[in-house]
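Next come two complexes, and both contain chain A; in the first it sits with chain B, in the second with chain C.
So, the complex of A and B:
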């Protein structure tokens, strides 16, 4: 039974979930928010437990399940961000009087899926984790089921998601056929033993590359890399703002972790192939994301395309390889995640009349009415462009630096040009906030201390970027 | 460690004060000024504490540089604190003056709508200045340098609806930009050569660098003098030395407390401070020292003359500031850095005092600034009268006053070393200084009361204006004497400035002690120049002796020439603007509008917009299109890698 120890956080979360599902049935309508508080508290407990694990010296690895410091740090980050997301979701749902405990229950299922998939050392466990995450995402997108857009987005994502799951399974089965195993370590040692000069390799090479492509495409779909990005704008626009906040942040980090885990273990010896594929995806994503974002008028759609562009940047970082690239890419991912969380959090707290914020133009003259809110959005937008004292600058800097160091100067120039183009749509938000006529129907919710603290923390992190980059070096070192 | 923590408190307290004021909802004047004053007061108390500790044991230095700001591959940038005798004495000066100026502002800026903004700026300025003072690397120095430039800009243009203020702050900012480029180039050169920006690393590698040279085409230069010269450009702009001095007189458009704090006592001395801080570098760059000496002598004498022909009370004191900064630069050029810092110290007190007196006079005269229109204020404002007298005597270097110990020391240096040309020029500087200082004194406080200002029952202003005057008058009298034997010549600067050996020689062979130095001074040319200046000033401005017509007519053209600052005014206000206007007009019309805007910027932007709006049509919303795109993507990847 001692190996149950490895699953302790997951088991704990699952038991709390089961308890809350049953408990919720017996709660009166007015007291349903008790479920929220129980879940929030259990997240904090998990966070503390995971944090204490960091300082334990000798954690041996169970072969199916990886609880190294790397995944542990990932889980700490995810749980921490979940707590913030929960806060935003709760305040949003309460404000629009659409609170149901199921929302949070489903969110936690998604969280559980992510924790399982990053810890997986076995392709089937990975698949189960991804499916658990995806299923809860399908559901949560359709949460606002009276809205046509919401249901449409959920159905689209569900069908396309099913396709991508098919790809993943097909890739896994090819891999199993060639290597005879589903464990990362075994597969990678089998592939490693097929030398490039060896006859054995060339007969299997087509199969291997095909499986690589299928698995990669499935991951690219979840990640939102072009040309597998089509679901992103519709889903972002269709779901509630806190749902968008969740979809645009946590799964990205999880998928990123999967990507670097797979590329550094199973496919380590196929680097020349996957790096080129990732390069293709990266260039298309940066191009499409940045250019289409320019002509968007809906702020969530605009941010959806900006997500695609950012994913492209992350992929550019991964492309340059494990030495410098992974660190840069992880730094970029964390920065992107934090700032996207901040921007969607701020958006979710702004009401336009009785509905939530949709159009960029609705932000007109926010500065005159709510200068502090305007400053927060300003900070976040500047960081997303990559203006120096902000964290976003260092993220872009590290990625471009790793491109230069790996000798792809042309790509670095491309990245810089695309950053300039991308700054247009972020700057437009700032322009609308500061220079346009006042929109009288804006009314932010009254209480947003958490947003301020959150953005201020991000700002301070930007002033001392070394804090974050030290943690990231530590994490990558423990990969 | 406690040194580091105290320095950190000194540094951060004004910043915290500024931040609190920014986010502070209740904008009442009293509460705002209490917050600002408390934050500065905390800084001052800790500075005073450090200063006293260092008076007893000046050899302790504390250098903390472990806070890594940003690192990437081989680049590491750190923040740190350097606490030694130099930074401690500077922080003492800055917080001391800042504290009294803050108190003074309560009275002076009363009823100003933007009082809160004023306090935020001054607090922020104090913080920026302390960043320079406590920095232990060039990066932090540069950041502080830019921050004080910014706060100076904001404060000169504080009354932003006044066109002259906007003109002045623009001018100050642009001139400082020239210096900043020099400073930045110097810092970059250092970084290229030792790939570190730490002072200590730099000082340690000086012996190696002294053999390095850089080549520009076929020319080859020694590295260190180039660095020293570039850094001095920055210092010259900040400390208003010829030819980058002309922003300072215009900066008097700002509120008078600001002139006292920034443009007399603290910020303008940043250049002097930097050179003293980098004394090991300047010791190794001999001919740069000659240039510095030359510039200093020119500034000290010529700008004194300009002060003589001005009529605006603040402008006279401003030119006097430039001239006094010239004396400090002279001392740097002679590589007696400690004397420069000592003069900086005394000058800060008496010049801030003079400015605050001027502010008090201006306030009483309903914002009239021309001394020709004033008169007879001695009866009306006794406190200002006596404190001005103290400041004036200190400025002209009357024996036993603070300014005497620092200024005469610098002048006597050249007698000691036998450089009689410089000595003569500097002594004539004393003569000029005395005339213009007492010109203000006689014209403002004596003669008929032209503005008909009545004496009121209460003392001339409120306490908040009187207290700073008295508070600054005390050090203007005593601090020179108090620190002469016990600090300056007691190896106070030994651990931070490299000229202690020279100081010892001059003390043993020439100065001997403060008392003998004072007694001796009555028999020198310095005192003669002072007394004759005083007498001349008395005759001209108290007795109002009319100079014969034919002499004035001959003098007229010279006065006009001097008033135009020997052509610098023309250069800065007409010549350069015209050149740049023409150049930028040409660039604007030919290059920018015709080529860049229409063709590149708008052209590309239009293309991208068209591209973008056609590309977004891919997003049809039909799910089978989406699925189709995915399949196409899959096929492309498969085909692309099929060849392997």
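So, the complex of A and C:
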């Protein structure tokens, strides 16, 4: 019974969810938003509970489920960002009169999936968590049923996602066959006892490399690293803007956490193999993401390719290894997630006539009418380029620094050049906002205090980057 | 002991044959029937491995439920099989490359002699009895209870997703509103056109 304590946040969320599912049936059409408020309040309660856990010594002797401070910090971040995402989604859905309580119910299921997969210390539970997340994402992408694009994106993501889940399962079953266990700790101690070297071609080593490749491909697919990135632009473009806001932020952090958990436990003794694979993924991602993004005219598609480039940067951080690379990569992931959340949040608040913002050119002359909105987009874009006082600069700086420290100077130069190329498409957005002719049909809903607070916080975090990096080294230290 | 080997090879050959027919058959119904056969033969293979619960479940769930639904769908949709096969020549070379590289790696992996240290490749789960079903039931509700519960949550999400995506008031649906029908005025039923309207 005492084990139930470890799942308290998950059990609480699931209970509230079950309650809301039933309650929603009895609510009148005009009062359906009560479900949203209940879910939002439950998230705040979970956030406070998780925050209080941070100051206690939690030594879990339950091997299946990890509640260390590292995962706890991740959960705090996820829940906090979920609250913001929910806020933006709610305002968007109300504005376009497509509100359904199911949207938030399904999002909460995805949140639950992420909490489970990050806490999992067991490959089966990891798989089930990933499936829970993926299933909720498929549905949420197809939510906008009237749009053909949305259905197409959902089907595409569903088929590719099912295939990558199959890859993951295949890799897991091979690993189970070779080591006879599904627990991270047991697997890593079995692999460690096998004593690998580069010239080893025994049955075990080939089987392990095989399973490593399959698991890595599956993770790269979910992460959106090139050459497994094909679904990203279509999904970003096809789904509603708040859905894109969700897809581009939280699952990325979750998958990143899985990646560093797996590489630092199960595959720790196979580093010679996975570091090369991750390097290839990283270089292709940075290259493809930055270069294709230049020619995009749709802002969501452009940000999709910029996501791929950012994923490449994160992978470069992981490539440099556990000592200083993981910290840099985590810093980059958190920064990327926060700023992507900000930019998609701002985009979701801008109407062009009766529809939401799609084209970059539609932002024309935003500054003349709504200077405050323009300044916020300016801050976010400058940070994504990596201009010094912003947080994005430190993120890129740490990754490049860890590359230099690990001796791969060529890669560091490559990263810098790619950053310069990448700055083109971010600067174009700024140019359209400040120097182009005014687009008269543009009408942002400016009364959202949360955007101001959010962007201001991000700006202040950039001025005091030590705040974030202290938390991150604390998190990595508790991995 | 020897008879197991013969049974294995016999059903493996049949399995490969029916699986190939699923892909190669020109008739969608025939493909579906061959899929039923291949499920059946792989159930036999599981039976040889003493996994009787899985083999029974495979026949009950896949043959009994999934394939029947599949056949219904095949009957209701007029699938144009020639259109489906159009890209065959175009994609054949890349498909062959993937197939060969996978096959070579797998052969490389399985061709080796498994020595004593490879024993854990087959993990026995004789927890409480020799009965596979009993063992599965035991570990499912003890060791894997958490996974079991999460699977239940996934099913719940599946139900909600299906309802969200299909059950919505569609503008295409035509339905009658009795109160509007009764309230109708004669001007709305008949419009008398003058000569000018006709021009």
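Here, the second predicted complex is superposed on the first by the 471 of 479 C-alpha atoms of A that agree within 3 Å, B and C clash if a C-alpha of one lies under 4 Å from a C-alpha of the other, contacts with A are read in each partner's own complex, and residues count from 1 in each chain.
Rule of thumb we're sticking to: a contact is a pair of C-beta atoms (placed from the backbone, for glycine too) under 8 Å apart; a residue touches a chain by one contact, two chains touch by 3 or more.
As the structure is a prediction and not an experimental result, all values here were calculated from the model.
Chemist: Using the superposition on chain A described above, determine whether A:210 touches chain B (first), chain C (second), both, or neither.
Modeler: The answer is both, since A:210 touches chain B and chain C.
Chemist: So, A:143: does it touch chain B (first), chain C (second), both, or neither?
Modeler: Only chain C is touched by A:143; chain B is not.
Chemist: Between chain B (first) and chain C (second), which does A:381 come into contact with in this model arrangement: first, second, both, or neither?
Modeler: neither
Chemist: Just chain B (first), just chain C (second), both, or neither: which does A:294 touch?
Modeler: A:294: touches chain B, not chain C.
Chemist: Is A:14 touching anything from chain B or chain C once the two structures are fitted on A? First, second, both or neither.
Modeler: Second partner only, chain C.
Chemist: Quick check on the superposed pair: does A:180 touch chain B, chain C, both, or neither? Answer first, second, both or neither.
Modeler: In the superposition, A:180 contacts chain C only.
Chemist: A:124 in the overlay: touching chain B, chain C, both, or neither? Say first, second, both or neither.
Modeler: second
Chemist: After lining up the shared chain so the two structures overlap, which partner does A:466 touch, if you call chain B first and chain C second: first, second, both or neither?
Modeler: After superposition on chain A, A:466 lies in contact with chain B alone.
Chemist: Which partner chains sit in contact with A:309 here, chain B, chain C, both or neither? Use first/second/both/neither.
Modeler: A:309 contacts neither chain B nor chain C.
Chemist: Same chain A residues contacting chain B and chain C, which ones?
Modeler: Chain A residues touching both partners: 206, 210.
Chemist: Enumerate the contact residues on chain A facing chain C in the complex.
Modeler: Interface residues on chain A, with respect to chain C: 7, 14, 21, 64-65, 100, 102, 105-106, 109, 112, 116, 122, 124-125, 128-129, 131-132, 135-136, 138-139, 142-143, 145, 176-180, 202-204, 206-207, 210.
Chemist: Write out the stretch or stretches of chain A touching chain B in their complex.
Modeler: Those residues of chain A that touch chain B are 155-156, 159-160, 163-164, 167, 205-206, 209-210, 213-214, 216-217, 221, 227-228, 230-231, 233-234, 273, 276-277, 280, 288, 291-292, 294-296, 394, 397-398, 401, 405, 421, 464-466, 469.
Chemist: Okay, in this complex, where on chain B does chain A touch?
Modeler: Its residues touching chain A are 67-73, 608-609, 611-613, 615-616, 619, 621, 623, 625-627, 629-630, 632-634, 637-638, 640-642, 644.
Chemist: Spell out the part of chain C that touches chain A in their complex, as residue ranges.
Modeler: Spelled out, the residues of chain C in touch with chain A are 105, 108-109, 112, 114, 118, 120-123, 144, 146-147, 150-151, 153-154, 157-158, 160-161, 163-165, 168.
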